[in-house]
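So, here's a batch of structures to check.
What follows is a pair of complexes built around chain A, which joins chain B in one and chain C in the other.
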Partner chain A sequence: MRIYFELALRAFRQLFAYQAAMLAGIFTNSVFGVMLSAVYLALFDSHSDGTSVEGFSARETVTYVWIGQALIAPVMIWGWWEIIKTIRTGAIVTDMLKPLSFFGFWLSRDLGRAVGHLLLRGVPTLIIGALFYDLVYPGTPGRWIAFLVSIPFAVIVSFCFRFMMNLWGFWVLDHRGIAGIATVIVGVASGHLLPIAWYPDALRDVFNMLPFRAIVMLPVEIWLGQAGIVEGLGLQVFWILVMTAAAHWLQSVAERKVVVQGG
Partner chain B sequence: MLTLRQECRIAIRIAGIRLRGQIAYPASFWMQIFSSFVIHAAEILALLAMFNRFNDMGEWTLGEVAFLHGISMTAFSIGDTIAVGLDSVPSQIREGEFDRVLIRPLSSWIQTLVSEVSLRHLGQCAQGVVILGFALSWTDIQWTLQKALFMPVIIATGVALFIALFTLVAILSFWTVNSIEVVNAFTYGGSDLAQFPLHIFDRWMRNLFLFVIPGGFTAYYPALYILGKDDPLGMTDTFRFLGPLVTAGFCLVVAWGWNQGIRHYRSTGS
Partner chain C sequence: MDGPMIEARNLEKRFTVRRHREGAFGAMRSLVDRGGNEVSAVKDVSFSINRGEMVGYIGPNGAGKSTTIKMLTGILVPSSGEATVAGFTPRESRKQLAQQIGVVFGQRTQLWWDLALADSLELLRHMYRVPEKRFRENLNRARELLVLDDFMHTPVRQLSLGQRMRGDLAAALLHDPKILYLDEPTIGLDIVAKARIREFLAALNRETHVTVLLTTHDLADIEQLCRRIIVIDRGQVVYDGELGALRNRFGGKRHVILDFDQDPGDAISTLAGNNLEIVDHNGPRVRVAFDRETTSTPRVLALASHHGTVRDVSIEEPAIEDVIRQMYEGPDSQHP
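What follows is the complex of A and B.
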């Protein structure tokens, strides 16, 4: 277990080397936070104060916007293609030869990275949102803790999906097409683009049955009190179990397919 | 010295060669166009879903906001298609490649433009045209000859503005050397901002988007004219037609900046 912790720690420390990139990321997330807040507030313009649309009041919607912007980096909404690069260069062979779980190797590094991104990008972005907007906060200490727990859970579900998308690299060499479509699926079905409750009923019902809502929507619902703590975290755990099983299955299929590039 | 006509002829030839190189992998080529189409379909989906739950956005109807989306997406995607080569300026500078650009007898800016040609943004362009079509059927625009003639002008000024913005981003890299993510907030942020009615934003954002980066003049104000809407900001009606003039001014400033950047450039090669 210790080795996985060390891997995570290294991935975590690595982020501190890129301070300019961190500031740039916070700036970009904040600009979009301001912009999206204005767009959503304009939708609520003609509603009287405190009106709730499918469970979201104007204040809650703005809170959703800023949590969403803060989560972009930790859960890697825009995708992540590190494994596919190692498939292309052939470095994956040495990774697979290492006497540790291939899945665990990448997962522990991703969790370390996510903690770093949460501290260096997520928290500052959320603080900026809190300074400029009247946000809603979790009502009880229990909810704060549940929200904090829900973030690593969200990262794990997101990681499993990214891991599986990367394994596509065993079958295709150019990942750009898949990358685009995978990004859209996550962006739309996770609730990043729009609260899932606002989609037309049929779409909403479909998205509610998919694992992606565990990545953005569930942490938001836990923060806002829309989801019960046990139900929310329980659903995330359910998706973690399903997704890790799926990821392991796909890995075992992919391993039989290894074709080493280069060399 | 080459005349402008000669420069353009060479540029078009280089672009043609790059294009053929890209189409050499048809599966990948179509996949990229398809994925660009799907990505931007998601934006439209979000817009439709918003209006599924709400009636208006700052007193604008779905058709009117969709019209803004249509003109901005079309202009941005064409601009991005033309200017995609500028994306590689930071890496060209870092790797010392830019030296080679400077010793060739062709405008450095044109060379950079054609250093990469990618049609992947045409998926977004198709999306923009589709949404524009829907917008026209959802709104009740009182068409006149002047309005019809002004439409291509709107798209053209939008394209010019986005190319200028991408150039501005490239210029910054002459000083910073590293590519900086901040600039996404200006290019992609600008294109997103142009898709929504300007009056819903805070004053400082509106002023920034009118008087620093003149995106409001290329999307919002021309849209007010075509849609025949009142200006809730109470600016003079002249604003609706200032787009081409303001954009031309902005382009001149950017062109000056490019030359300053070239002059400032010190090779990074080791």
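What follows is the complex of A and C.
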């Protein structure tokens, strides 16, 4: 197990080499946070009754916006295609020649990266939101802890999905088609674009039955108190189990099909 | 361990070459549509390599060298046939087998670009669970023989090709592998760096009896390191045996340069047809090529003496490159 920790540690440390990218990321996430907050606050203002929309008050909505922006980097909303790159270049050969679980090799590095992104991008973005807006905070220490736990859970679910999307690289050479579809699915069904509660009933019911909810919506609901701690984390664990099993299954199929590029 | 270290039995690998479609729907269609052409990268490969052997595995580009090695490491599952490597069936025991083999690719690295060499090696120590003491010993040996100290703390991306290759060799040997696969280990290196790597490999094989399977296009690697070669062409083994015997069997033409005391004139052309050919005729110097199976040097001299006094004779053995090229381009070859 030590090796997986060492891999995570190095992935974590590696992020510190890219300080300009970090600052640019924080800036972008914050600009979107400000713009979305402004839009939602204007909409809520125009609603003269000033109450809530499908369970979200104006303050809760702005809080949702900033948590969502802070989670973009840790859970990699916009996709991640590192494995497909190694399939395409053939570099995957050296990774598969290691006495390691291929899934564990990438998961541990992704978790290390996610912790780095959380500290270097997520936390600063959320602090900027907290400085400029009146956010809602978890009421109890238990909820703070549950929220912190829900982030690695969200990363694992997101990782499993990204891992599986990357494995398509064994069948197709060009990932752009899959990437477009995958990004839309995750952006919409995770609750990143809009809170899932705001979608039309039929769509909402579908999204609530999909794993993507565990990536953004559940951490937000745990923070806001909309989901019970046990129910929220429990559902994430359920999706981790399902998605991990699915990822391993797809990997075993891919390994039988494997076409390694290059000499 | 009893039996051969590496054994391939009728290995075959077929690939389906798909038509490729662009865009989102193209990708989705490619997933559904199973159409495409089947090609055999490896058709029928069998060989057996014992512990401590250093074998050159050679063949033209696309002959199936890398595909064979990928099947022997468990990365690729053979379409048919079986392999046994270090007592494991690669397809079933990729991870356990990985612990027994070291691999060096000249064209790629197993080191991490962003990490210093020392850090990469440390990471590999954990990966292969090498005991601390063993790690120190192996690292010290590699540092000494491969002269790594100048760049141990340099990020891998800043290393020169020769330095990186030495780093990769050190990395491949940290866990005392029983088998070393070397895929073009000297590609792109200068003469000094090539010599250093060859010396290292020869010494390593002498001391540790590691089994080495070497693929390369640089036949000097093979001549200096391997007694035995396996030649593969279009997915099939076309030669398996001693390097020296290859010369005799596939011969290539032997050249004899005859220096007459004066120009023998056009009459010399009548020499041709006695199973030999005149390659060059320049004044008193005539270059004759002949097949060593059908003609001998004394016979050439006897024939030549009818055309004048031969003052000097020199014989050129065919270069191993020419021998191999002749195998690839043999009469039944379909190469363009």
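By definition in this document, the second predicted complex is superposed on the first by the 260 of 263 C-alpha atoms of A that agree within 3 Å, B and C clash if a C-alpha of one lies under 4 Å from a C-alpha of the other, contacts with A are read in each partner's own complex, and residues count from 1 in each chain.
Following the convention adopted for this analysis, a contact is a pair of C-beta atoms (placed from the backbone, for glycine too) under 8 Å apart; a residue touches a chain by one contact, two chains touch by 3 or more.
Treat the numbers as computed from the prediction; the structure is a model and nothing was measured.
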* To do: Based on the superposed arrangement, let me know which partner A:I181 touches: chain B (first), chain C (second), both, or neither?
  => both
* Based on the superposed arrangement, let me know which partner A:R256 touches: chain B (first), chain C (second), both, or neither? => second
* **Touched partner set for A:A245, first chain B, second chain C, both or neither** => neither
* Figure out whether A:A17 sits in contact with chain B (first) or chain C (second), or with both, or with neither. => second
* Touching partner for A:A130 - first (chain B), second (chain C), both, neither -> neither
* Partner chain in contact with A:M96 - chain B first, chain C second, else both or neither -> second
* Asked: So, A:E6: does it touch chain B (first), chain C (second), both, or neither?
  -> second
* **Which of chain B and chain C A:L148 touches, first, second, both or neither** => neither
* Once the structures are superposed on A, label A:V206 by its partner contacts, choosing first (chain B), second (chain C), both or neither. => neither
* To do: Kindly list the residues of chain A that each of chain B and chain C touches, one partner per complex.
  => 174, 176-178, 180-181
* To do: Using the touch definition up top, name the residues of chain C that touch chain A in the complex.
  => 15, 20, 22-28, 30-31, 61, 65-66, 70, 73, 75-77, 94-96, 98-99, 101, 103, 105, 107-110, 112, 114-115, 119, 122-123, 126-129, 183
* Residues on chain B engaged by chain A in the complex (per definition of touch) -> 25, 28, 31-32, 34-36, 38-39, 41-43, 45-46, 49-50, 52-59, 178, 180-182, 184-185, 189, 192-193, 196-197, 200-202, 205
* What part of chain A is in contact with chain C in the complex they form? -> 2-3, 6-7, 10, 14, 17, 89-91, 93-94, 96-101, 168, 171-178, 180-181, 255-256, 258-260, 262-263
* Asked: How about chain A: which of its residues touch chain B in the complex?
  -> 20-21, 23-25, 27-28, 31-32, 34-35, 38-39, 41-46, 53-54, 174, 176-181, 183-184, 187-188, 193-194, 198-200, 203
